[in-house]
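Once you've had a glance at the structure underneath, I'll fire off some questions.
To keep things simple, chains are lettered A, B, C, D and E as they appear, and every chain counts its residues starting from 1.
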Amino acid sequence: MPRFTRNYTKKIGLPAGALIHLGEQKVEEPELSVISYNEAEVRQAMPKSFGEVEQYRKPEMVLWLNIDGLHDTVLIDAAGKAFGIHPLVLEDILHVGQRPKIDEFEMFVFIVLRMLSYDDACERVVEEQVSLVLGDGFVLSFQEKPGDVFAAVRERILKGQTRIRRQKADYLAYALMDAVIDNYFHVLDRIEQKMERLDEELFSDSSMETFQRIGAMKKELILLRKSTWPLREIVGSITKSEFDVIDEKTLVYFRDVHDHIIHAIDILETFRDMASSMHDTYMNYVNNRMNEIMKVLTVIATIFIPLTFIAGIYGMNFQYMPELSWRWGYFGVLGMMLVLFAAMLVYFRRKKWF
Amino acid sequence: MPRFTRNYTKKIGLPAGALIHLGEQKVEEPELSVISYNEAEVRQAMPKSFGEVEQYRKPEMVLWLNIDGLHDTVLIDAAGKAFGIHPLVLEDILHVGQRPKIDEFEMFVFIVLRMLSYDDACERVVEEQVSLVLGDGFVLSFQEKPGDVFAAVRERILKGQTRIRRQKADYLAYALMDAVIDNYFHVLDRIEQKMERLDEELFSDSSMETFQRIGAMKKELILLRKSTWPLREIVGSITKSEFDVIDEKTLVYFRDVHDHIIHAIDILETFRDMASSMHDTYMNYVNNRMNEIMKVLTVIATIFIPLTFIAGIYGMNFQYMPELSWRWGYFGVLGMMLVLFAAMLVYFRRKKWF
Amino acid sequence: MPRFTRNYTKKIGLPAGALIHLGEQKVEEPELSVISYNEAEVRQAMPKSFGEVEQYRKPEMVLWLNIDGLHDTVLIDAAGKAFGIHPLVLEDILHVGQRPKIDEFEMFVFIVLRMLSYDDACERVVEEQVSLVLGDGFVLSFQEKPGDVFAAVRERILKGQTRIRRQKADYLAYALMDAVIDNYFHVLDRIEQKMERLDEELFSDSSMETFQRIGAMKKELILLRKSTWPLREIVGSITKSEFDVIDEKTLVYFRDVHDHIIHAIDILETFRDMASSMHDTYMNYVNNRMNEIMKVLTVIATIFIPLTFIAGIYGMNFQYMPELSWRWGYFGVLGMMLVLFAAMLVYFRRKKWF
Amino acid sequence: MPRFTRNYTKKIGLPAGALIHLGEQKVEEPELSVISYNEAEVRQAMPKSFGEVEQYRKPEMVLWLNIDGLHDTVLIDAAGKAFGIHPLVLEDILHVGQRPKIDEFEMFVFIVLRMLSYDDACERVVEEQVSLVLGDGFVLSFQEKPGDVFAAVRERILKGQTRIRRQKADYLAYALMDAVIDNYFHVLDRIEQKMERLDEELFSDSSMETFQRIGAMKKELILLRKSTWPLREIVGSITKSEFDVIDEKTLVYFRDVHDHIIHAIDILETFRDMASSMHDTYMNYVNNRMNEIMKVLTVIATIFIPLTFIAGIYGMNFQYMPELSWRWGYFGVLGMMLVLFAAMLVYFRRKKWF
Amino acid sequence: MPRFTRNYTKKIGLPAGALIHLGEQKVEEPELSVISYNEAEVRQAMPKSFGEVEQYRKPEMVLWLNIDGLHDTVLIDAAGKAFGIHPLVLEDILHVGQRPKIDEFEMFVFIVLRMLSYDDACERVVEEQVSLVLGDGFVLSFQEKPGDVFAAVRERILKGQTRIRRQKADYLAYALMDAVIDNYFHVLDRIEQKMERLDEELFSDSSMETFQRIGAMKKELILLRKSTWPLREIVGSITKSEFDVIDEKTLVYFRDVHDHIIHAIDILETFRDMASSMHDTYMNYVNNRMNEIMKVLTVIATIFIPLTFIAGIYGMNFQYMPELSWRWGYFGVLGMMLVLFAAMLVYFRRKKWF
């Protein structure tokens, strides 16, 4: 169980805009990477300090600054001042674990996303906060730790005369959001594999542990929903062209992202239905086992208890029991027992008890 | 269980508008069919390559181009260029497994539908994506594999002076959508037959397998809902005349389609209620069996355990047990047992245990 | 189980507006009845063919044409042509089993209602489609078979100087709708009586069959909801004066109908809650029986199994068992058993097991 | 179970506005009481017939006419004519059992409320319809039987220079509604006491009857909801100043009533949650008892069945059974049994079965 | 179980605006504290009577008056008169137990919040009403008893030139609301710890009591929801700048509070899901135990009942039973029993019953 509240309590009582990193430190040193491009040229660098960033910011070029690692609040503060970002936004960037949201400010739009990846070792979904600041001519992206999810975008920019190089910063923001959301399908794919394994297990080898794994699966799906549903609203509000920094012409791409999100939500809901039906199947399986056990008990007890009673009768020590001295008494009783035994079997068979 | 995610992961990391077919190849060769008509004349052809299509496109005539089979991305790309279709739309056509949707572009409207058919062999519903592009004077339809669902529409056009020949492309789009949705009732009909069989089975021969078949039925209904509900919104938005390429006069026909969809949804929801109540009935049936079994066990055990105890008493080997030497001791005990037996039967009968 | 889909599949593939009757033929011959009235005079007739109707249509008089029986598509077609009714409307009139709806056309408003009646013989609710066409100066009503639900309205018109004679066609439409909806309370009343009987049975004589009857009751309530909920919307849209053919002054009467519908829905929802709680009560009853049975089994088994064991001890044939030769051994053991028996009884009594 | 439908069926087939009293007659004779006041003076009377009322109606004074008892339709009709009330409103006043609602007419506003009181004798909630007609300078209130709920308002008017005497008729309407709604808290208080008793009973003395009382409690809460939820809408629409006869300055008081209603709804919903959790607790309690019983059975049976088997072995009559002639055979077997007995006890204790 | 209704019934029948304190008296003497500040200067005092307050109210300075303890209605009345507060607002301040709400009046905004704290001794959440009145240049805050939740705000004001000193009264209101809501995370944190303990207990030591503690947890979460959900609406309406006394520039801070509330709600909903799944796990655990017990019973009974029957056979006293005199009869029977015993063990093992 992840801790939902502990980090948050660190900042109780502090004034708004106080910069404290609420997550764990996931990298040694924050890493900056800068790309500045237009259709004609592209420049890339990995500056060591924030001072070097400023030179890449030029009119007519799109600047993309990516920061991996958020524990260095001085660096974040400097970035905020250089690009004119409101302190409350910086606070939100550092307070990882935010709900996805979009906020418009005078000079920029601030977007919080949750990046999902699947940790194959622990067999569970890992969440990370990705913050985007989209201003006039620049995009800032903040990640908790380095990841390769933006690699494809970077490559497309560097590779040359593709569509992305002809477009403005809003298209870059779209490309980054698309990269984050495309990754959801990787995660959904892994979960689907897990469900398939669980589904097989359900009929071959169901146990208390199966139940717990279905429960864990459900919890994961709930967490995924919490990351995905708000996205729908966010991208939906973009497609309704509510934001000035995003151009009309780019909206068609955001509409495409919107479709992807809705598709992901559809799959998620289907998974939830499937997890519920697994739960039902498990409960039914357990019930059926119980019934089967009861049937065996009942068949055995119901057959042998009367027979034992008959044997008990002739085990009594009365002096005058005429049957005892009959020549065929013993075999007669055995025969009677056999008939009774057979009759009961037939009865139970007809009742489909075995 | 169909795989919801696998195809989708193929395209992660690709830029928007990259043309990759995400479905399975269901035909050897894509098949083109062209019909061009107005009230006075009609021309039909099955061109081998896309180049031949252009000659059928004439002002004052409605062009219907149907493509069966989507794996030839070059062909799709050519069609897109000829009719001025946005790359994102082509992407959506190829990425089968989309949610039904409607998107308006400057020159055309793009509609994604899910065609349902019932595979009698596998006893399950088969889904296929049908995409329609409705522009000024033309309708393009894309299917994954050839099917006879549009045959009735084709025939009506060819047959002659019917209403469809007097109308424009928007009426053709309506006719195609209507054909797709009418087919839903075929599928619902088959499902209803399946439910009826299941309902009978429920009381005659209920088993773990019945439970699984109810579950499978429920899953199918969920899939159907996912195809049907978005349609309601789509056609609803058409009837509110939000789209320029659809004429006011055609709206009354779309309103009719809207009624059909709502009717189909109503039936679906009724089926869902019925499937739920089947589930309840099954669970109750299982519970009742359990109770019945327990009753038999209890009746038998409760009758014979005390009797066996009495027999046990007189099977003891004490030297001084006066009853043993009584002349009628044995028969007295037998009689006592009989009385006890009868009393218990009466008691259980009164309690309605059998 | 009524068949939801079978009729509908008859018309798959046909063009919109094709006139086919989808219901069963419920009368030998369709029956026409015409009433034409204003405040001063009233004329009534039962024309044999449609040709005779036309003469009753006069300015300044309200014409009410009622047709019972829908299988004669030629007649319906003639009516449609005479009153200028759109072919899609005629189609809807013939395709019985429609969802209640209201559609506005240029010259008239088309209303589909579901008439409910309670078949005392079969103990179930019977549905029938009633279609109304309200135009300028006329109301057409279509029923599947003759019924007495409109008799009260007819009588009020014929009887004389009542409010209905002073009003226009829209008031007549209101009166007919009111008659249909008032009938719902008859049906609800019968269902309530059925529920009361079921409620009594629940505690006196619960069985698998009770469960099935609760289930059947629930299904009936679902069907009723499907007829009633859409009505709320329909009449609601009327009261918002969205339709031109309905006068402002008549709206207050439709508001009254609206209240009745909401009241009926309220009762329906209460019945649903009650049916659910009956289900719960039944399940609890079954559980309680099970517990009771288990208690009896446990009490009997727990008392006699140890006693039988003791008897078994002294039934062993060891040569050296000193107790066997004691003078009071037998009675001592009997006494010991009695004490054990009593102790167990006290224990179970204290545990409240019987 | 109250009868929901029976009264309603009385009026099926009658035209709108027909005056029939649908409730039971709860008083011998309807009782009229009139108060006419302004800041300076107040007059009160109990007229015997409606004719005497008219003289109290004066400009610049607020007239409050209260009628207790609704079976005298002639009286109601006279009141309607004197104050210009629409026949449909009079119908609603007489058709008790209405859903709470508010309707605006040209000259007045018509409000239906449900008054709740708790019948201590029958331990159940009693409902009564209260209708208010608020016109320019007058308020009419109709109750099914005399009650003391309006006594506090009457006293405040008579007592003297309080706020109510300075205000208009709309404030009087507010005061009456407030009195009705305040009473809900009395009822909620009684229900809470009942729940507390039930909650205690749940752990001390749970039985089938407890289950039924929880069910009855739930039904009562459902009825309460039906009276309360519509009120929220009604008073909400008043606070949005949709009605002309209610002055802007009085709205703040209706806002206060709105808060009370929402508070009552909050409490109701909490009670519903509590009733549900009582249900769960009861089910769990029953399950636990069952488990406990099964454990006892299992422990006893599992211990003694094997022991009895051993005794059975040495009760066999084979001629050659060497153990039987051993000197310590009997005591050896007894010892063995004791060891087995102890081992089982330890095993069950470790499994926490007792 | 807290009493929801009792206090409320005290005021039934009283006119609106009557000042009665509905809570318990939680302090000996109400405590007043005044802070008056602007960017340049700050003054603080703890006046003994309300008369001293007035001198601190100056133009260009923000006045914050905090009152702890509400039972002195005379004091509250004086405050109301001094700041021009509507009697209904004073009533709401004294009627603690209100639902959170925001009301706008001509000269001020009135906000009711619920402050939550966690009572470590009783292990439960404690609620207290906090009322804020935000007017032009002043904020009044009313608490039921002294608490340290506003201490951080007070300190920030006194400490010096921080942002709060440069802002107006609306920022102060924000700071106080933020302090109240930040405290929710403390409470959520404690609840999370409790859930973790419960989760562990669930698998180690589940009992009837665990069930009750899960139920208590659920009730607490329901109470929390009732405090939190209305806040969302309240702060949401502030951020839509519906209130005049709150400046545009301060809205960004309220947006931040809005995010916090939504985050708290998210956590709450997650906790609810977790509590539900704990409930399921508990039920499953109980079921599994039951199954395990039944299995043991069945295995033991099914093995020994047939064996006992065999022993019973050879315990019969027939004179002619040939096996009895066979030399190896006894050992043969023992051997046969052993074989049967082993066979059953194998059978059960294969069925995975132990």
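Everything below uses one rule, namely that a contact is a pair of C-beta atoms (placed from the backbone, for glycine too) under 8 Å apart; a residue touches a chain by one contact, two chains touch by 3 or more.
Here the structure is a predicted model, which is why all the values come from computation and not from measurement.
K.L.:
Counting one step per pair of touching chains, how few steps separate subunit B from subunit D?
P.N.:
Contact-graph shortest path, subunit B to subunit D, evaluates to 2.
K.L.:
List the groups of chains still linked by touching once subunit D is ignored.
P.N.:
Take away subunit D: still one piece.
K.L.:
If subunit A and subunit E share one sequence, what is the angle of the rotation that overlays their CA atoms, in steps of 5 degrees?
P.N.:
The superposition gives an angle of 70 degrees.
K.L.:
Call it same or different for subunit B and subunit C: same when shared residue numbers make up over half of all numbers used at their interface.
P.N.:
Different, since most residue numbers here occur in only one copy.
K.L.:
So, what's the distance in Å between the C-alpha centres of subunit E and subunit C?
P.N.:
Computed from C-alpha means, the inter-chain centre distance equals 43 Å.
K.L.:
As a quick test, compute the distance in whole Å between the mean CA positions of subunit D and subunit E.
P.N.:
Using C-alpha averages as centres, the distance is 27 Å.
K.L.:
Note the residues in subunit A that touch 2 or more other chains, in rising order.
P.N.:
290, 294, 297, 301, 305, 308, 312, 315-317, 321
K.L.:
Viewed as a graph of touching chains, is the assembly arranged as a line, ring, star, complete set, or other?
P.N.:
Contact map by chain: ring.
K.L.:
In the complex, go through subunit C and note every residue touching subunit D.
P.N.:
152, 156, 162-164, 175, 178-179, 182-183, 185-186, 188-189, 192, 196, 199, 252-253, 255-256, 259, 262-263, 266-267, 270-271, 273-274, 277, 280-281, 284-285, 287-288, 290-291, 294-295, 297-298, 301-302, 305-306, 308-309, 312-313, 315-321, 353
K.L.:
Along subunit D, where are the residues that touch subunit C in the complex?
P.N.:
Touching subunit C: residues 1, 3-6, 8-9, 11-17, 86, 88, 91-92, 98-99, 101, 103, 208, 211-212, 215, 218-219, 222, 226, 279, 283, 286, 289-290, 293-294, 296-297, 300-301, 304-305, 307-308, 311-312, 314-317, 321, 323-330, 333-334 of subunit D.
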